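Note that the chains are named A, B, C and D in the order they appear, and that numbering of residues resets to 1 at the start of each chain.
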Amino acid sequence: MAAGLGLEALIPFAAGHEIMRQRKRGLTLIGPISDMLFDQLIGAGCVSGVRAAWVGNVITGSGYHFRRAVESGRLHLEDHSNLTLAMALKAAALGVPFLPVRSALGSDLFTTNSALKPLNCPFSGEALAAVAAIRPDVAIIHVQRADEYGNAHAWGNLGVVRDGCLASRQVIITAEQIVSTATITSDPNRVITPGFRVSAVVHAPWGGHPSPVPGHYNRDHQAFIDYSEESKTVTAFARWLQRWVNDVRTPEDYRNLLGRERMEALRLKNHLCSEPVDYGY
Amino acid sequence: MAAGLGLEALIPFAAGHEIMRQRKRGLTLIGPISDMLFDQLIGAGCVSGVRAAWVGNVITGSGYHFRRAVESGRLHLEDHSNLTLAMALKAAALGVPFLPVRSALGSDLFTTNSALKPLNCPFSGEALAAVAAIRPDVAIIHVQRADEYGNAHAWGNLGVVRDGCLASRQVIITAEQIVSTATITSDPNRVITPGFRVSAVVHAPWGGHPSPVPGHYNRDHQAFIDYSEESKTVTAFARWLQRWVNDVRTPEDYRNLLGRERMEALRLKNHLCSEPVDYGY
Amino acid sequence: MAQLKRMPAYTPAQLMVAAAAREIADGEVVFVGMRLPLLGFLLAKSAHAPDAVGVYELGVVRDDVAPEAILTMGDLPNLYRSLWLADTADVMGLLQNGSVDVSFIGGAQIDRFGNLNTSYIGGATAPETRLPGSGGACDLACLARRHIIIMAHERRRFVPRVDYITSPGYGNGPGWRRAVGLPRGGPAAVITTLGIFRFEQSTCEMVLASVHPGVTVDEVQANTGWPLRVSSGIEQTPAPALQELDAITRFDPQGYWTG
Amino acid sequence: MAQLKRMPAYTPAQLMVAAAAREIADGEVVFVGMRLPLLGFLLAKSAHAPDAVGVYELGVVRDDVAPEAILTMGDLPNLYRSLWLADTADVMGLLQNGSVDVSFIGGAQIDRFGNLNTSYIGGATAPETRLPGSGGACDLACLARRHIIIMAHERRRFVPRVDYITSPGYGNGPGWRRAVGLPRGGPAAVITTLGIFRFEQSTCEMVLASVHPGVTVDEVQANTGWPLRVSSGIEQTPAPALQELDAITRFDPQGYWTG
């Protein structure tokens, strides 16, 4: 399962929390920098493996559940860099079994990542690394707007979202807004992945919170800072899990928990509207 | 020199004609499907080599100068498919010396393209083809709008424009419109390549004619049909070259030659404005 | 181009477009080529395959017919309200990763195993004729789940062995595609100006499955440069229905491709 | 974190940010990391390097300072009126194809050849401590034309040999980078809480080039796990100017990173 493909933005927290509520088990998480979503999924017991470049909490550092799980040997880990993970997904998106890179050479990533192998260029003979393709069973992405058929727009820093979707067998989309197909087809360059490869679309306003969602809300730094405390011990995390996941039954519950004031504080104050373009004929 | 990277759209004809006027010699042309621009450059004597998937006139077929040049052995040719050429440019864009593909296997492209070599996957052992990176000295692209610093928007079918720009040492942009930086930064997802890698920007209205330029004008089919006749013989081509290239001294000359009526006929009649998005905070 | 002898209210190209359209099943992802295949896709969309999705090498995905007749896939009406405008690498990725069910390609020279040459007549070293080259054809022949070939049926085009393999068919027979490393696919049919061929699984050779109205098997043999193999259940290719002809005329109003 | 003894109107982190900023020349393309490097880039932009261009691994390119203080590169003000919003693969391509002049990375453990560990303390098999991992750090250390390391100076962090190389420095010395296939680059400086190191070309070892105000060489040695090498021309790191401190306060108003 690939998630957090937008790097810091558009992380599908609502979908992740639903996975935790449903007590899914044995997942392998795939993503470059998951911010705290991966740590939460590990804490909730859903995870048996991680293929990632970085797992933690971007502005506070450690992901405590991740640390504990690795240190106790409970997690199968594949250590990537952002580049090798991006290329592993791009390989699957392109339909090839590997891609060559010039990164990671001389590093110990080779010792803790069996998806990396030394390789010589067939033309120049120079040393390279081969990164094996990663083909996730499913990619879960959060976007700003989608139609009911899975045609979706996303904007902002796109991280590895596009390649991650093309790489995955199935794509699940959560969207801030469900819009008409006409809205999507008014700007086909902004479509994030071909809709015919999308399996499910879920209307999930605030579904990316606390990560930033361009056009909708800013990053909720306090949530990341709070989580750092709330995940330091197993006990504290149990309380967090009860409050923010298990007791949340509907998207409305979540928004009520957040509260109007906090949501207002996160909303955009300075708007910047894209200059339109003409797709006429 | 890479050009025609948008495949059928946004072909930099005005820039190509300027190259012909300046009697540049010994160019190697790089591009998947050049439509008739490559044939014109060959006819004008500018070209000593072609690395391409297809050279001709999309709706009429043959590129007569290309045919003659190859048949008389005057042209160094590297035979690609669209996929292998796209991957050769992507390799350079990504900064790796080659990319693996599953295409071309069993084909004779291997016999007329030394940038293709057999390769086995270092993980599975399966047979693949390696495509060597192509790093053009310069990519010339035509876009809809750019600021004076080379920050540019393009939309429509983008072909291999993005990878072609990242792959090239220098990027030259011709643009239908020169706009303010504020217009470009109102929609950074639509930027075609980072401006800091752009060497020159030229204001060239109708600079893509007769290829289609989304937002500005439709494809001028008649020009392609006419050129098919006008390039059948060396004599006919000399007349074409004089009329459409050498006698054209300014962009205004070209537009006068086209004529108001023809330009009106090509303009968009049915407009479709993209739904704006908000990049605020 | 060989001409139909008798007939009628339709052109050979219209018949071929109708035959091409029938190769597309509803819901399939189709990599749409230029010329007749483009029209075949549009016809299928407007008839029995409303949910087929078209992928174009330029970087276009669309699942409906363009709002105006188009001459080539890059015409702006083909971008209008499309479902995705992307890079060629993205759509080539879809093709290479197995997301494309069927594609169509043309050819100048073909052999009985469905190998196609659109590069060099007379060999690459001292070519008699240089053709435009592969474009995306080699990729479609290598990577689609199946591909359909559409071409004029002439003896100089239907040769025992192509001078140059631009787009691989079944190579030299059974097992060849797997041996050279191709991940899937192969030609499923050849639609010519005279008939339709399918490929026999055990030999990978093309077998005449139907002849177009007014065409005889002898005539097909006369235009084929190897001993023709004919299906025991050979049929006549259905003539295009009036409705189909109407649609084709709508998509190609000036008869540029089908006139 | 080791504390500055005397002083003053600035924090160690502010001094390090100012030192980081000085490593950026005007017009350079900078791959901007998190935390102090982000502030260093913003400071350089607003001072001596107005034409530096920032590339962020999220897929952002911008050449001016965000309109509002940001805590992390993904904050929406950092996207606002940026010059390019693209994919991570695109900016990693810029890095890998040699378009990036300088990058900054942090580390938990370093050795005298500038190799960094941000993955496993105590080795990967039975780690004592698991750290977050590479992120983009390994890529920046491998592929930028040069990189600058910023980290806290403690004896447990400055070790003879790192337990795991997350981000390669000069390996085991001269020629190593070329031998393993790295195309360019290597660490140019290490900015710590106590001083600044540069790398000697002939040995690839780090040499103490300056000590921060109030710090002695002995103190640096006491916090370094190998016999310290000291430049013959050792200097004192310039304290941040008032103007620099003002700018840093503007970029980090709550002192989240530099308080």
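For this structure, a couple of remarks:
As a convention for this text, a contact is a pair of C-beta atoms (placed from the backbone, for glycine too) under 8 Å apart; a residue touches a chain by one contact, two chains touch by 3 or more.
Keep in mind that what you see is a predicted model, and the values were worked out from it rather than measured.
Of the two chain pairs examined here, B-D and B-C, the one linked by more C-beta pairs in contact is B-C.
Greatest Cα centroid separation from subunit C: this falls to D.
Centre-to-centre spacing of subunit A and subunit B amounts to 35 Å, using the average Cα coordinate of each chain. Centroid to centroid, with C-alpha atoms defining each point, subunit B and subunit D lie 41 Å apart. We define each chain's centre as the mean of its Cα atoms; on that basis subunit B and subunit C are separated by 26 Å.
Between subunit C and subunit D, the centres computed from C-alpha atoms are 57 Å apart.
Within subunit A, residues 87, 94-96, 101-102, 126, 128, 155-156, 158, 162, 186, 189, 214, 218, 268, 270, 272, 279-281 each touch two or more of the remaining chains.
Under the contact definition stated at the top, the residues of subunit D that touch 2 or more other chains are 67, 75-76, 79-81, 85-86, 89, 92, 95-96, 143, 183.
Contacts between chains form some other arrangement here, matching none of path, ring, star or all-to-all.
Here the chains touching each other pair up as A-B, A-C, A-D, B-C, B-D. On the side of subunit B, the complex with subunit A involves touching residues 87, 94-102, 115, 117-119, 121-124, 126, 128, 130, 132, 144, 153, 155-156, 158, 183, 186-187, 189-190, 214-215, 218, 268-281.
For subunit D in complex with subunit A, the residues that touch the partner chain are 34, 56-60, 67, 71-76, 79-81, 85-89, 92, 95-96, 119-120, 124, 126-139, 142-143, 164-168, 171, 176-177, 180-183, 256.
By the touch criterion stated above, subunit B contacts subunit D in their complex at residues 92-96, 151, 162, 166-167, 182, 184-186, 188-189, 191, 193-197, 279-281. Interface of subunit D with subunit B (complex): residues 29, 53, 55, 61, 63, 67-68, 75-77, 79-86, 89-90, 92-99, 143, 183.
Looking at the complex, you find that subunit A touches subunit D at residues 6-9, 32-33, 52-56, 58-59, 61-63, 66-67, 70-71, 73, 79-84, 86-87, 90, 101-109, 111-112, 126-128, 155-163, 211-212, 214, 218-219, 221, 268, 270, 272.
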